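First chain A sits with chain B, and in the next complex the same chain sits with chain C.
Our next item is the complex of A and B:
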């Protein structure tokens, strides 16, 4: 003990504080940081679990293969279509519900907020099962009602309809999250702004356009970016409801990655596809932030 | 005129307020209806589901529940329930323990280089989980954890969300409280236990419920990391079950009710914490 100078002891003590952080850092390193880099490395290898050929470095081969892979493009296209349908609808509806709810008073607001949020707590397989029943063309709920007016819709059986049908289900399932975030954002706007506006005769739409929306901008930006990132990762709904059909019109990029890795065991190629997805998401988010900041 | 105008605007404001409440309530019913339909329809015989004649059952029955609970060899749903409960509980305990320790260290202790460490952790919040799927699968394979609950429990402790959430919370603990505890001879671990944790119960509750529901509902993880039917969690078990009992909606909906009930109850009990937690993630910058 006498061997240590007070300074050394102080340094030791400050580092020993890391003992608090070490359990988490071990998990973080092994199951987040390392796999991230390991996956990147893997994407430059040919590694197929069922093949007798051992894993070997192939440079950019996996990436060039993707560029010529019609299934990759088809699943990317389906994913982009899903994002294009789902993200704007979700954000618009969330904003509408949030502003509407902010006008509802007291306990009623809490109650209604819970109702809009409730679908979010369902697991995707349960949500998928119900909506698959709703959409079923023979004995589904929607067509049972449409039958009364002599109509029948090909909700899941038509390549033009299926993805939109799943987007509607997703809207119902996921709009609660962004709604709650935006509602909290609306509540965070100091009431003086609305009071001042109302003295100037700006109520209703005018107040929403000129006060609520501009002040909500940072939260709105967050919600839009998070929603687009989330929509790019669509998997559970399409997997549960259509398995990617009809004619792969709803097979998302994540489902293609899943099948490449765990049906065909092409790990290197799946890792490369994952990184392509990551890059696409990163570029979209960066552009989004730029556009919204500049405005 | 000047006497009438204020009261008439007040009345029209009250009318619009009622109108908005009515519209919002109607929308809320539309959102809850599918959940209600799961529960109601689970009590219908298949004939009534296939031949839809109205929302309420004409001849309500418990048969679907009897069938699904009565054939544990074919449909080990009690097993799946147990697996889900075990995994979600252990994930929640793990996350609360390691995240609160790490967040406390990073927020309250004088650690050299902690800003870098925290920055690195927070940066990974942007990483989409799916890109870790293949490498984590290979790591779990190497560890021999595939097809065991460990594959779903241990990696779940790596997420950055909880550390971030608790860190922001711990930052607001007044210094005086810590100093007073230190003067009383409390060690750093003692301060964490007796000062930081008790003051953060709301944040810990939020994180705990969040983690539990997230783990309970996780679909891709168990789908990829588990193989044997009796190791499945409820969401994956039900999904698999749906493919083999494709047309038997009564059974699948009864299973869905059993899978949803625990999270729905947790949500109703803790909805304030859950919703505050969600809102918090969007408003921190």
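Our next item is the complex of A and C:
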């Protein structure tokens, strides 16, 4: 029997942690870090798949072009509008549902939680096609109901309505995820706090405001950040439902990047647009972390 | 198509064709990327509009030697404009299988109600501008539907690209200079064609504004008298038993006949040789020879000999649409075709919705396309 010296044991102990993360690091490096850095490099090149001129370094040209590209700004504006409509609505609704569900006891809570989560398991293509039918101006479900009160809404055909309509569909489709996370957060709040508050006469809104929300802060931060990131990356819904129309009012930045890369084969420029989106998301996320940092 | 593949496989035991179906919306992306990775299928379909870019990327094999080789195909059996459309540089890059000319679908019941009939009482589709304007005016009125009183429209714009490209071509409009060095989409004839369409909505009130109307569904629901659509929409109508419809050539509204159209072309991977190439060409010839079976599903074969057959003549709508083949205008042959389509459709949409005047919308499209041309020239076009 051999005994390890304390120094050897210490070294092994410190390396064992790395061994556990190696599988993930390998996948992370191969499928995320490498493409990310490759994309960053590509963004400084003029690489067009249809060009007979080989790819060549152009410095910041792709980024300069984006600054003067009206379609970039239009799709960025559409994306920002989507984020502004969708993210607050999703978080507020998810929080409301989570707090409501936390007060429902037993099997009914499980049933309702499953019901709210159910749409999330649908793929974007299924959800998109179904809602495209719902919104159809001639035979859609919503206009069929509105017809009874003599109305017909231009859900997807009016530039002012289309993005909001897609945000409503997204709300239905995605609210289940954050609801479940927030519900878990609410359950983790020790019941003694609410009992003590109740004895002091703080119930209902006061308890939510002064106990639930402050103690949910880390979970809420996670949900808000993830939701905003997800909203910035909107693509599937707009692509399936409106293809970016009418008049490109729902063409998101990710759709523009996709079309630039895979319809127009401008890989360098698409990479630059992707990095601009990444920077925008990073700035938004940093600001949120700063604003909601624990004091 | 699957039945044709099965028949070929049975008749050719030395060849096994595996067919893969894909959605058009992502088809070209997947095909291009698979081509880049050397994993493209031996044989694939390209719409005519996509041929220049795939030819430039050198993914497609020219077929001139095969057409004139040991297993030849009689090119004289194709209309000259159809064969010319697959010509890029010095070669032809695919064998056209079918052609989809845009044409006119009309609601026979609404025509009869509006008194648009011939001497024998049969619905009479318009053939020129005067008849078209008369028809759309007489067809437009308020009427009682199952769901309540609603506007019945004489005409509606379905697919902006096909509808407007048709009218612009009929008005004599051009899109690029002959050497493709400048975009001239904003020329007065195109502006006039677009203005004519805007007037149908805003001035004549014979077509609904596109803001809140599903045009094709509206036609299927019997709320519209006339639409211009491709032959490929026939399959959709064939499913609908309660709609009395018919097909006819699009009326000549401008100074010359013309309709938007396209073709599916059978194309061969550039590096194919030997037995694989022989088998692929054998299959292409089989499909071309049997394209009447393909036509039954709502297509028009490009082979004139097949169109002359009694079987094709019995296909009512297809044979009507086929009368326009000599006047089919394909989209310009450009490597940046999708960018052209984006700009074209965007300009038309803005004008029809009233967001821009036709002149402003086409000026912007021309400016954007000229920037794309400059970029493309730099790319070594």
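We take it that the second predicted complex is superposed on the first by the 265 of 295 C-alpha atoms of A that agree within 3 Å, B and C clash if a C-alpha of one lies under 4 Å from a C-alpha of the other, contacts with A are read in each partner's own complex, and residues count from 1 in each chain.
One rule holds in what follows: a residue touches a chain if its C-beta (ideal position, glycine included) is under 8 Å from a C-beta of that chain, and two chains touch if they have at least 3 such contacts.
What you see is a predicted model; the values in this text were computed from it and never measured.
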Partner chain in contact with A:247 - chain B first, chain C second, else both or neither: second
Partner chain in contact with A:7 - chain B first, chain C second, else both or neither: neither
Which of chain B and chain C A:101 touches, first, second, both or neither: first
Chain B versus chain C as contact partner of A:137, first or second or both or neither: second
Partner chain in contact with A:265 - chain B first, chain C second, else both or neither: second
Partner chain in contact with A:53 - chain B first, chain C second, else both or neither: second
Comparison of chain B and chain C by chain A residues contacted: B
Which superposed partner A:199 touches (first chain B, second chain C, both, neither): neither
First (chain B), second (chain C), both or neither touched by A:152: second
Chain B/chain C common contact set on chain A: 139, 262
Chain C to chain A touching residues, read off their complex: 28-29, 32-33, 36, 53, 56-57, 147-148, 210-214, 217-218, 221, 223, 335-336, 338-339, 342, 346, 349-350, 353, 355, 378-381
List of chain A residues in touch with chain C within their complex: 48-53, 136-139, 147, 152, 154, 157-159, 245-248, 259, 262-265
Contact footprint of chain B on chain A as seen in their complex: 14-15, 17-21, 23-25, 27-28, 30-36, 38-39, 42, 97, 100-101, 103-105, 108, 110-119, 121-126, 128-134, 139, 141, 144, 172, 176-178, 180-185, 188, 204, 218-219, 222-223, 226, 229, 232-233, 235-236, 240, 254, 257-258, 261-262, 267, 270-271, 274-275, 277-278, 281-282, 285
Residues on chain B engaged by chain A in the complex (per definition of touch): 16-17, 20-21, 23-25, 27-29, 31-32, 34-35, 37-38, 41, 49-52, 97-99, 101-102, 104-106, 109-112, 117, 120-121, 124, 126-139, 154-155, 157-160, 163, 188, 192, 213, 216-217, 219-220, 224, 234-236, 238-239, 242, 249, 252-253, 256, 259-260, 263-264, 266-268, 271-272, 274-275, 278-283, 285
